[in-house]
Amino acid sequence: MISDTTLELSQDDLDGDTLHEECGVFGVLGHDDAAAITALGLHALQHRGQEAAGIVTFDGSQFRSERHLGLVGDHFSNAETISRLNGPYAIGHVRYSTSGETILRNVQPLFAELDGGGIAVCHNGHFTNAMTLRRKLIKEGAICQSTSDSEVVLQLVARSRKDKIVDRFIDAITQMEGAYSLVALTRKKLIGARDPFGIRPLVLGDLNGAPIFASETCALDIIGATFIREVENGEVVVCSPSGIESYFPFGRRPARPCIFEYIYFSRPDSILGGRSVYNVRKEFGRQLAQETPVEADVVVPVPDSGVPAALGYADASGIPFELGIIRNHYVGRTFIEPTQQIRTLGVRLKHSANRAQIEGKRVVLVDDSLVRGTTSVKIVQMIRDAGAREVHFRLASPPIRFSDYYGIDTPVREKLLAAKYSLEEMRNYIGADSLAFLSVDGIYKAIGYEGRDNDAPQFTDHCFTGDYPTPLTDMAEEGDVTHLPRLVEVG
Amino acid sequence: MISDTTLELSQDDLDGDTLHEECGVFGVLGHDDAAAITALGLHALQHRGQEAAGIVTFDGSQFRSERHLGLVGDHFSNAETISRLNGPYAIGHVRYSTSGETILRNVQPLFAELDGGGIAVCHNGHFTNAMTLRRKLIKEGAICQSTSDSEVVLQLVARSRKDKIVDRFIDAITQMEGAYSLVALTRKKLIGARDPFGIRPLVLGDLNGAPIFASETCALDIIGATFIREVENGEVVVCSPSGIESYFPFGRRPARPCIFEYIYFSRPDSILGGRSVYNVRKEFGRQLAQETPVEADVVVPVPDSGVPAALGYADASGIPFELGIIRNHYVGRTFIEPTQQIRTLGVRLKHSANRAQIEGKRVVLVDDSLVRGTTSVKIVQMIRDAGAREVHFRLASPPIRFSDYYGIDTPVREKLLAAKYSLEEMRNYIGADSLAFLSVDGIYKAIGYEGRDNDAPQFTDHCFTGDYPTPLTDMAEEGDVTHLPRLVEVG
Amino acid sequence: MISDTTLELSQDDLDGDTLHEECGVFGVLGHDDAAAITALGLHALQHRGQEAAGIVTFDGSQFRSERHLGLVGDHFSNAETISRLNGPYAIGHVRYSTSGETILRNVQPLFAELDGGGIAVCHNGHFTNAMTLRRKLIKEGAICQSTSDSEVVLQLVARSRKDKIVDRFIDAITQMEGAYSLVALTRKKLIGARDPFGIRPLVLGDLNGAPIFASETCALDIIGATFIREVENGEVVVCSPSGIESYFPFGRRPARPCIFEYIYFSRPDSILGGRSVYNVRKEFGRQLAQETPVEADVVVPVPDSGVPAALGYADASGIPFELGIIRNHYVGRTFIEPTQQIRTLGVRLKHSANRAQIEGKRVVLVDDSLVRGTTSVKIVQMIRDAGAREVHFRLASPPIRFSDYYGIDTPVREKLLAAKYSLEEMRNYIGADSLAFLSVDGIYKAIGYEGRDNDAPQFTDHCFTGDYPTPLTDMAEEGDVTHLPRLVEVG
Amino acid sequence: MISDTTLELSQDDLDGDTLHEECGVFGVLGHDDAAAITALGLHALQHRGQEAAGIVTFDGSQFRSERHLGLVGDHFSNAETISRLNGPYAIGHVRYSTSGETILRNVQPLFAELDGGGIAVCHNGHFTNAMTLRRKLIKEGAICQSTSDSEVVLQLVARSRKDKIVDRFIDAITQMEGAYSLVALTRKKLIGARDPFGIRPLVLGDLNGAPIFASETCALDIIGATFIREVENGEVVVCSPSGIESYFPFGRRPARPCIFEYIYFSRPDSILGGRSVYNVRKEFGRQLAQETPVEADVVVPVPDSGVPAALGYADASGIPFELGIIRNHYVGRTFIEPTQQIRTLGVRLKHSANRAQIEGKRVVLVDDSLVRGTTSVKIVQMIRDAGAREVHFRLASPPIRFSDYYGIDTPVREKLLAAKYSLEEMRNYIGADSLAFLSVDGIYKAIGYEGRDNDAPQFTDHCFTGDYPTPLTDMAEEGDVTHLPRLVEVG
């Protein structure tokens, strides 16, 4: 039974009721408009992180850096900025982060002046032993200026006793655990690397002979670049003016990419693992219709992320698809709710019911996933207020029962609705007439497998199953560490 | 034949290739959270104008004003601002304007201190004799501080020899020609007025006893207010604490509302003339499918405005609907294209082709209307680049052949593609395999009429027909006037 | 006896403990760098008003305006701004105002589009019947967009039935009472006018043939212009490309300029009435030494305004002059005192005692004038804390017993220390060992007269004598007026 | 002979024609208002650096940092900022720097998280082997995030193998060469240290039992703290809640403080080496009058720095002192000169001639020192334009012939006027009728010595003599180093 007090939601709850990826990365080697190309690529990857963006270029003699809190288009879309970032080599980064940590010194790419030159690094993902390594480095006299994971990579590269920069880079990442796609820039090389399981995505493209790394193919499309291939799991791809080399410092093993890229993170027009993300999401919806049928008059997506699955659900069920919820695209990040009056209206700032499609209808409401459920409560209520006779809530993914430690900003486990409550308790909390999720096997079937191979799972899916593919070193050591004072930049 | 040079489009062309409404209005009388309510209402009307917003309140002894360039959410969503705007009476305004004119002194509501009190006014629409009246007023010694139409109303109210404020207001508007929805606030009254033809929309609602005016019903929905009725054409509705009175200073005549509210301006979840805007748009799509059938594999909307018509087209034609174009919602107003490299990529900043739904397909591309065609050229090209076998362009409205003078920011006639070229020339320019428009009668049929009643047209539709319902006094006199120097606020 | 509670000073008291002039004006006709010249002139006049600045130019076909809160150097010192303000005619204004009124719509120059052209006006001073005229204008249907005095001039010009602009201008000012220096710009003329008594200053200069108006000669010096003469009291000087004409619409009468220009307002390097302001201030000091001698070791000025008088005092008394107080020039307008700890340190943010010159000494402290005394209390205490044996406070002007209504921002009478208390009470409040003021006749003697001519006083000196030279119409009528609601721009 | 072209001065020349100190430091241990106290102290030290300011506090568990470009009063004077910087321990810094280097990551205090806690450091001065040590550290794998000297101290502390933080601090500074006053904050201690020669100043004060470090005594005066003593040359003073300890890691040797603190840098109300800075400057003026007498009518200081010496010169010579140049205090850092017209007016933005004191007079112009002479040329010209019959330029310090490497921002040697030209050439360049400097021995005599003790000079005076007290390691090695790419933060 869920107590009444659970229903007193703060705005914080609402803001936190989606998943957030921590980053998108991009890099290009040898293009006259390297910074402009990178700005465009990051713009296409903006959905992966809206809190900050940064670009580092190299012009043959000088690295240049520009990093800002805010959107790519706010800071990297004018000719003056782009011309300051001169040079034919560039890497860039977009970042999501919780508010307390979004300080400029943490915005990537990070840079280190090395004995033999310099190196800039940015990454998407999370190192599960970063804190442990950081403590060790500080004991040895290292000074860490940021609290970002990426700096640990830089410190390990700086301290490596190897000669060549690529060897030093490999020396560093073989000490790291977790999930990551790394892009690095030195005076002569552009490096792209993916963790041993290939959890976070990274693709290799080509623009008129210039090699390009990007988190997703949509960043290639925006600049008219050709998709070459995905960087493989555990691969280090080194681009230089003389060509592209590939290293597998971890040996070869089967990939196990993150299933959430299909469910939520990747843009629908991206191609991932050879599959159209949009098509996969429609298949999730079709599979969902087969697993959880219901008699109804209309299928309504929660916009925008629920639209492809709702189209699939409508298609498979024969129930008409309608835009029963209209999204207000002018909300932005700035609409603070000024009074209690406005706060109680809550979700309507972003969504409004299209009453003519709802009134008197039995509605199948389709969303991509359920995290804390705080927004879902409000949306179901809004649909009811618009006159729906019945509301059947359908999720195009399984219940999220475990937190992520690989770069997805999930709430602590106790805040995950499915970690605490039964299906019926959740239905009661959400206020729907029925509630149903896609099954774990349903996910795999929709993608084209017979189901999950429990002996060798095809995807990283711990949020549903608790099956974490890597050690969680920092988690294990957390209890033993006396916290020492760090610096808080208050202004 | 269209020359090659026509194809060299500047970014200005792209920015100008949609229609822009000039405003949305809102007012509330007697609510404790009047300013917050108004901010919310304006937020729901944000699609009607994104350049500036303003609110004026009255607290029984003092009018207070706050006006800003930018979005409602950027300036009116924090508790401090709302608390400065205290008082139970409020009116507000969102505004679109061409860049040269968007200066703060033109942002509405405008205010005048009168002998017997004060009055604040804001409006949606355009007075077709405003310049003529302005010149007359200046000759008589009036000082106009803005270049806004609304100030002419204020000046006429200030100079009226009538005693009562309502009589002075009626005295003023009976001198004005054109299309307008006006909302005015005095020390004791909230006034809503609509032009004699009811060209621009205005509805009356109620929130716990407090009367509300708003341009569209979606502004009632966001605050949970009840829709009462539309303000009638030529009606002046006067709300005061003692009740609501209605005046018809122009007598009664049939209404003739603007057809473009159905085609493009109103939000799909609004109810206009008793009809769901979303449903009307779907009907446009169905009618379009019947009038202009084509063999194809997929129906793709130009997002977001083409979606409902595309759903109707798909439904009537039996061709599957797919989101073949993905819109990037992070573009905002700030993405200046820094280099030629980026400029040539043009439209892709806002839209990207969902290649998996396009490649090898015969595509029916559905948009709401065609203005200058500059964006359409780029979108058709993008669809072809994504591998479409055929592209059939369908417009859910008739060719726009005439400029608007009632508050819709249309280009001068020479820039309207359909004003200059034949259907085949347009098809050739756009680069589509076929091009077809909904017929004028088709519009009327989709709405439920047998067709256009040419003797007494049901709608204001001059953009398609050239049939302007009011005199265009300023247009006629323009040639005779020696232009005198005005003030330009350069900073 | 002054109660203890009087000593609990707030920061507001401190801020208010000087006199503030309301404005400086400047104009130039026919110079290629008119806007730049005007910006420089206003910079030289910055001491007359630091809250806002504005410039209007005319280029033969277009007036251009730029107005900002802040210093001239903050907004009018970059090439881009200056190039926007093109044209060879320019007028400009710097303004001081109390905080509640400093809103952009009040920043001068103000502009009106007239039937025959346009006119921009700015002024220094105050019209003593402005409110009375304003009410009359509003009754007649005028709309006032600002609350500035200057707008009344504009409204009267706009409504004048005369044909020529100069006649309309004279028509307007002959309805105004009070003290003013006006500078106006039309399409063909630059006008400078001074009130019938010449209370506020205005000079005429020449820069390579271009006539220039400025509040003080220091604004001519900065641009290397030649001083021609002062505009006479009651004179209207009209400059046009064809020459300079002079009008005396009020007839001729003796001038009676404001004595405070010598005491405090004008810059020491300006020449006023043929006298060096710096020399006059030294003479005040010499006269003060003769009238109020004291045995002491050192003469210390309150910087910066007390320095010339202190030099004169030291010279006449033979007591050594030392910079016993150091002023911190980095304070600016922004140093809000964040804690009680800092607030109690108060005056030390701006001034610090030069202990080596103070310790063990008998100090004569010289300041220009005493308004509320709140700063003086703190300065005397600071000198005592630095070890002074005795502190003798000397003021180089008589006690201020009456408020000003001619554009000097004096406190209401009850806040003027000398209006309420005897000399001994003031000495006790200030905490000095002795306190003495320059006599009224001493002022006149120092300037070169035998004394004040009480039948026909040579200067406007009501602050000391209560002898106001003009009617105070608004003051007289204030009680009869029911205050109607005005607009407050809250953001 | 100096060529004509030398006289074509750019604005850059003007801006660079003074000396700039690089910093002021402040620290307090155990006061409830530590951050507010520090903000006030830094405000009093603002003359030592106007480009940036920073404060770090410690509250027993957390270090907090706030650093900004701009003045102390612009960023550290509001209650909100001060309350964010909570805790009873605080250190702070004001910084001057050339524009290219003023980036936020270089603004002090800098912080390092150490194994046993954390340490924040700020300093005034310059390490003459900082680059050499930096290269060595990077070779060993250290990552330097700033280009500031202070970071080298941090890196050396972090890498020290000693146990106790004080030992690690001493370990670090004994590797450093040059001139410095360092203030450091750890979890338990506040440390103040001065280089072996005591070149840069540092004093110890007390505020109700809380020990305070500050660059000058004026920072004690503003907060009402008691002066205890100067930190001695080569002394490390360690304050903790249990008391104050003193270390002399370099042994004891005679001090040799920088003579320029008396000439220009320190505030006149500060006490340095037991002497009033104001009095010393007056003595410089008296000595100058004896060494370089001239027949003249008036002694005029170049404000503000030349005032005390001019008072001394006037006193000793019997020639009257007058403020013949008025300084405009509203210039600030923002007055960019927009046009050539304004540029040619140059120095008048900051200074204007007080013509009444100059015209027809023989003027002795007194300034504190002569660097490049570019401003002096303009000032002499301005005095001549104001009608001076003769201009005799007198400098209250010897010719500057050598650059500084201890934290004073002097031009490269070739830009120093006295390094290139004879006295007569300089006089000719400056345009004065006569030119004379105070002698080196005159400086020492004015301070109270018989003259300079060439075997054991009492002061660091290399700018006049070329006698650098410490090795200049970086200077010597500069030629041998291949410059590696560093990061430039372009935005």
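Letters are used for the chains, namely A, B, C and D, taken in the order the chains are written, and counting of residues starts over at 1 for each.
By our rule, a residue touches a chain if its C-beta (ideal position, glycine included) is under 8 Å from a C-beta of that chain, and two chains touch if they have at least 3 such contacts.
Bear in mind the structure is a predicted one, so any value in this text is a computation, not a measurement.
Path length between chain B and chain D in the touching-chain graph (shortest route): 2. C-beta contact counts were set side by side for B-C and C-D; C-D has more. Chain A and chain C have centres, each the mean of its CA atoms, that are 62 Å apart.
Chain B and chain C have CA centres that are 50 Å apart. Inter-chain spacing, taken between the CA centroids of chain C and chain D, is 37 Å.
Along chain C, residues 81 each make contact with two or more other chains. Here, these are the chain pairs in contact: A-B, A-D, B-C, C-D. Chain A meets chain D in the complex at residues 56, 58, 61-68, 75, 81, 84-85, 104-105, 111-118, 120, 138-139, 141-145, 151, 154-155, 158-160, 187, 484-491.
Those residues of chain C that touch chain D in the complex are listed here as 33, 36-37, 39-40, 43-44, 46-47, 50, 71-74, 76-79, 81-83, 218, 221-224, 267-269, 271, 276, 278-279, 304, 307-308, 311, 321-323, 326, 328-332, 334-339, 341-342, 345, 348-349, 352-357, 385.
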